[in-house]
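Listed next: structures, encoded as structure tokens.
Paired with chain B in one complex and with chain C in the other, chain A is shared by the two complexes that follow.
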Partner chain A sequence: MSVSVAGARSSLRRHRTWLDPRPAVLAAVLLAPASLLLALIVIYPVGRLVWTSFLQLNLTSGVPAQFAGIGNYVSVVQDPVFWQTLKNTAIIAVVTVPGALVVGMTLALVANLPFRRRWPVRLALLVPWALPLAFTGLIFAWFFNSQYGVVDDLLRRAGLPQPIWFNSVVLAMAAICITTIWKTSSFVALILFAGLQAIPPELYEAADVDGAGRIRQFVFITLPMLRPAIVVAMIFRTITALQTFDIPFTMTRGGPGDATRTLAMYVYQNTVDFLDLGYGSTLAVIMFLISMMVSVVYLRQIRTQA
Partner chain B sequence: MIPRGVIQRGAPLRSIAAFLVLVNGLFPAIWILLTSLKTESELTRTPITYLPVAATLTNYVHAFHDQPLLRYLANSLIVASASTALTLLVSVMAAYALARLEISFRDLALAAIIAVSTFPLVTLLVPLFQTLRALGLLNTYVALVLPYTVLSLPICTLVLVSFFESIPVDLENAAMVDGSTRVGALVRVLLPLSAPGLATAGILAFVNSWDEFLLALSFNSNPAYRTLPVGITLYQGEFAFPWPEISAALVVGIVPVTALIILFQQRILAGLTAGGIKG
Partner chain C sequence: MPLRLSLICLLMLLAVPARADTVLKLFVSGQVSQPVIRKALDRFEAGNPGLRVQIEVGGATSDVQAQYLNTVLSASDSTLDAFLLDIIRPAQFATAKWLVPLNSSIGDPGKFMQQYLPEYAKADTVKGDVVALPAFADAMFLYYRKDLLDKYHMKPPTTWDELASEAKTILAGEHDPSLQGVNFQGKAIEGAVCTFLLPYWSMGQSLEQGGHLTFDQPAAIKALAMWADLVKQGVAPKNVAEIATDDTRKDFQAGKAIFAVLWSYGWADFQGADSAVRGKVAVAVLPSVSGGKPASCLGGWQWGASAFSKHRDEAVKLVKFLSTPAISKLLAVDASLLPVFPTLYEDPEVLKADPWFAQALPVVQTARSRPAVPIYNQVSEIIRSTVNAVLAGTKTPESGATEMGARLRRVLR
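== the complex of A and B ==
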């Protein structure tokens, strides 16, 4: 058999045309477009970003680019708005990453219950996942509208005070965090739901026989078996939380003042509004470094799982 | 998950839990649909109404009339379709090489793909803005199609590699013994068998492009090239937010992707298990 296949292969080799190259050549051809795109859209821009971060380059000034050394980095460290936006970004990450984990876990556990028809609950996880972040921000801005919003109405019915959410530093941030948790918990739930379905039912049956209760089963079977899925979901959530832009932009535009402006919004503002590419690049490099630290942890976790 | 004896006793509790999950997941979309059917005077009335008193489609007429909403919809469809097609082409090629050809740096390439998938998009904002501006490519479709292709390339390649590897290689070998070329075996044997995997990768790429906001806002702010999220966010009216039109426009933007999801919900779940994706 192996002889005949080898014979067939060698007979094929004689008829090679440009449509039938050697595997090594074919591999190079097939990987070329992906490599080219990555070089053009990721590697070259990142190189240019790092270079620009050392330049004094503002397109509105009309002055040509000048080498500024670490001047931009010094300015960033002395910039109170940078620290404010870094703090806002950190608050959003620290609140919404665990928040989305708790809500997402609850959703996933419910979705994993033995229902006769599973599609409605599945749909209830998929619709928020596919809803654009910008749409989510707009819809929740309407929810939290201080006069005509449904939140206001529910608070009134419950006899509670009805604040003007977006005028308050704390409440504006709270509204953004609630919205972010709602939106991102669906992603966490889908990842955890897939993880739950991969747990062999025999483990629970054995635990039943041993008389372990539901809570013990959750702690000693479900949680350890879900660990890889939890790690993947948490790291991706952390990375996306550090880049938070769409929800605060659509809900508050960063206000009141700079109270809900994130680092990504500050990069956008410097680049697109002020055309200060040097300063915008420096901020982006700092975001890149923070994000890379999380990615390194992520890649390590993946390696230990494999 | 649930011990057998508990199922009967827990049934009502289960229904309540399912109901809460449904409300949580679907209420925002349903609420914006109800909002879009109310008249402006009903929307600015307190206490607010829940169901529309007299349902009307006036807001939809205004949404399309006051702003080029049809243009935004077309732009979103063009950009998402073009980048999905390009992503599929490039990721099928890369995934075939990684799954079927013996490459010495295969593991390194897969690690690089995962690394790129965690890449912060904001980092690309400044240099791409700089380059596109210099080349006069701001406010073009290309400005978004290429970055969106790169955005979805990692997840689509990972989905397709794992899908290709789940298909026995014998079928392609048989075709090659019968005189087919490698490329012929890929196109005529592997790709038809991979239709579900291609659908999964395609939907993930489409949803990624459909949802993207930061680059679309930064590169294509000209109304003629705005995508739906940018167009709707920048709706201007007499008030800060013209809610009647925005709600109608949002429904227009939510319907296409929701339809995709209802049609392909099984495939999307399968794709999500193939690796973490951004959310």
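== the complex of A and C ==
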């Protein structure tokens, strides 16, 4: 293609036809399919979502959709359950993002050790990542069950008190965070592991020569070299944490009360259970904006670094 | 030669679907026995040549089914032609215009609906339109261990206080740490709504009248406090906030509870071959609060035709067929599902298969319907999450009831 474009430029006097368009036109034509696809799968649905968020549209009300202006947004601000779910989502993000980073870093460093057989370690790294979120939630709901759960059994054997996890606001949230960290740290580990492998070994050799110990090497070589990988892992982890749905949905259904209901669960509840599409869309728009803001903060981080 | 052969083959392929049957898809909940439904459908197909019905199964609980149906129907999807609906759904489905109105297909609607148990006729009629027809009945019962009550010379309790004192005596006498006094649903599921309503109704209160909220806060506090006290006294299990409907069934079936509050489906399992309590179980009317009237929560299922079906007339025909005394009897005899026709409770064949149905009729007749409002799901969510929080001990009955009232006022005026 570039050859024909260059050819068109060189023969200035040639008459332009549809077979031989101007470069700008050619660019537009070539970009059209991708733009169209993007419009179809991103811009249209998001636009429709934003539009619906300004409508009073509830399928169980028996009345057709009406324009409500910012009415839904006012209701959201006044809705105590919205603030509760926002707080729960924030707690999950603040606990599980650093949690998964620490555990994932440890796993990546272990996997990076010179084992004779590396594949079992790497396979073990993949397993939690490959397990569907909803299954993870169901499995851990059994683990933490107060009657026949393995956690309960281990605590009894250790002579420790055995709480009813899902009866307590704090412990139910703790169970969800533990599960989320278990599930997501392997994804973080995979990204960091790839980053570790890209660090040139010469740096460590040079550090050895200079007499730097393991800890100094980690702080002054590994961490700075890994920074881009860490930021990428954090972006993905934070966005998925803000969208947390499957694990609390299968483990606690938001209970006790609303103590572990997340924003994503509240969106689902309003749209699918209550069929209040207007209000559900408003909540979804707010969730979308929060995710966008977080992504921008992280992306700035990468840019200032580069 | 090969050409002619392939032409013949092609013709044969084309010839087979020439007189294709109309295939209807019937959505049935996972807890209903498939072979029995199939039997009913075989009878329908035999009487209606050219029509075939396929069963589509989904979701073992009412909540999961509703989520599935809400997704399919809010997308105006025509895959399903008819479905089985929980009694709490017709009002919502009719308001969303997902059901085919049946008035024109059943002659005089008032007269037609008179043949059913009155609460079902009421639940299936939304603003004068019959929108679904009853499939089978259900209600909450008090199951109790007859052997244990006999051992301590006790009668089935008529009040919740009596139940607590009987349970305490038996628990003290049995010295079995795994034995529970009473098991009921405290998880934030639909069953928890009934858990709240049982004592609340028993005090003569109602939640809603004609779409308007009639919430009585003192009665709500008392209702929540009653359950919380049963947990505190050690009569109900400490983990009751984790217990869903089928957990109650499992615990009672394993012989781990003296009393259980459960729907009728438990009976068949309790008398099954692998039940630890086979022959040791009896059923009673649920107790009342002291000075109140006994109240039970009405369940039951309805057949409805989808407004998005491409074969609406055939779907209506199927719904009408499935809601006849003959099919109700089949469901009673083969699947132990409570009939929706009062006359069938005296039918010798039904009573031979399920002798306990004789005791069930008064319960089904006096059981009350949960609020039949289009926004029922919101109402349900508010009640169940409060019940769950109070039973888990994260809210007091007072703060739970206050919050419940405030949230109900936001959705129901």
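One rule holds in what follows: the second predicted complex is superposed on the first by the 259 of 306 C-alpha atoms of A that agree within 3 Å, B and C clash if a C-alpha of one lies under 4 Å from a C-alpha of the other, contacts with A are read in each partner's own complex, and residues count from 1 in each chain.
We adopt the following convention: contacts are C-beta pairs under 8 Å (C-beta built on N, C-alpha and C of every residue); 3 or more make two chains touch, one makes a residue touch a chain.
On a predicted model such as this, the values are computed, not experimentally measured, just so you know.
When the two structures are aligned on the shared chain, A:Q147 is found in touch with chain B and with chain C. In the superposition on chain A, A:M251 makes contact with neither chain B nor chain C. Shared-chain residue A:V272: touches chain B and chain C both.
In the superposition on chain A, A:L31 makes contact with chain B only, while chain C stays out of contact range. Within the superposed three-chain model, A:I181 lies out of touch with both chain B and chain C [touch as defined at top]. In the superposed three-chain model, the partner touching more residues of chain A is B, compared with the other of chain B and chain C.
Using the contact criterion defined above for the overlaid structures, shared-chain residue A:V76 touches neither chain B nor chain C, since it reaches no partner.
When the two structures are aligned on the shared chain, A:G62 is found in touch with chain C, with no touch to chain B. When the two complexes are laid over each other on chain A, chain A has residues 59, 145, 147, 272, 277 in contact with both chain B and chain C.
Residues of chain B touching chain A in their complex: 1-4, 6-7, 14, 17-18, 20-22, 24-26, 28-29, 31-32, 35, 43-48, 89-91, 93-94, 96-98, 101-103, 109, 111, 114-116, 118-131, 133, 146-147, 149-150, 153, 157, 173, 176-177, 179, 181-184, 207, 210-211, 213-214, 217-218, 221, 228-230, 232-233, 241, 243, 246-247, 250, 253-254, 257-258, 260-262, 265, 268-269, 272-273, 275-279. Chain contact summary for the complex, chain C toward chain A: residues 66-67, 70-71, 74, 92, 95-97, 187-189, 238-239, 241-242, 374-375, 377-378, 381, 385-386, 388-389, 391-395, 407. The touching residues of chain A, counted against chain C in their complex, run 58-62, 81, 145-147, 164, 166-169, 253-259, 269, 272-275, 277.
Residues 5, 8-9, 12, 17, 19-20, 23-24, 26-27, 29-31, 33-34, 37-38, 40-42, 44-46, 48-49, 52, 59, 107, 109-115, 119-143, 145, 147-150, 152-153, 156, 182, 184, 186-188, 190-191, 193-194, 196, 198, 204, 208, 214, 217, 222, 232-233, 235-237, 239-240, 242-243, 245-246, 249-250, 263-264, 267-268, 271-272, 277, 280-281, 284-285, 287-288, 291, 294-295, 298-299, 302 of chain A are the ones touching chain B in the complex.
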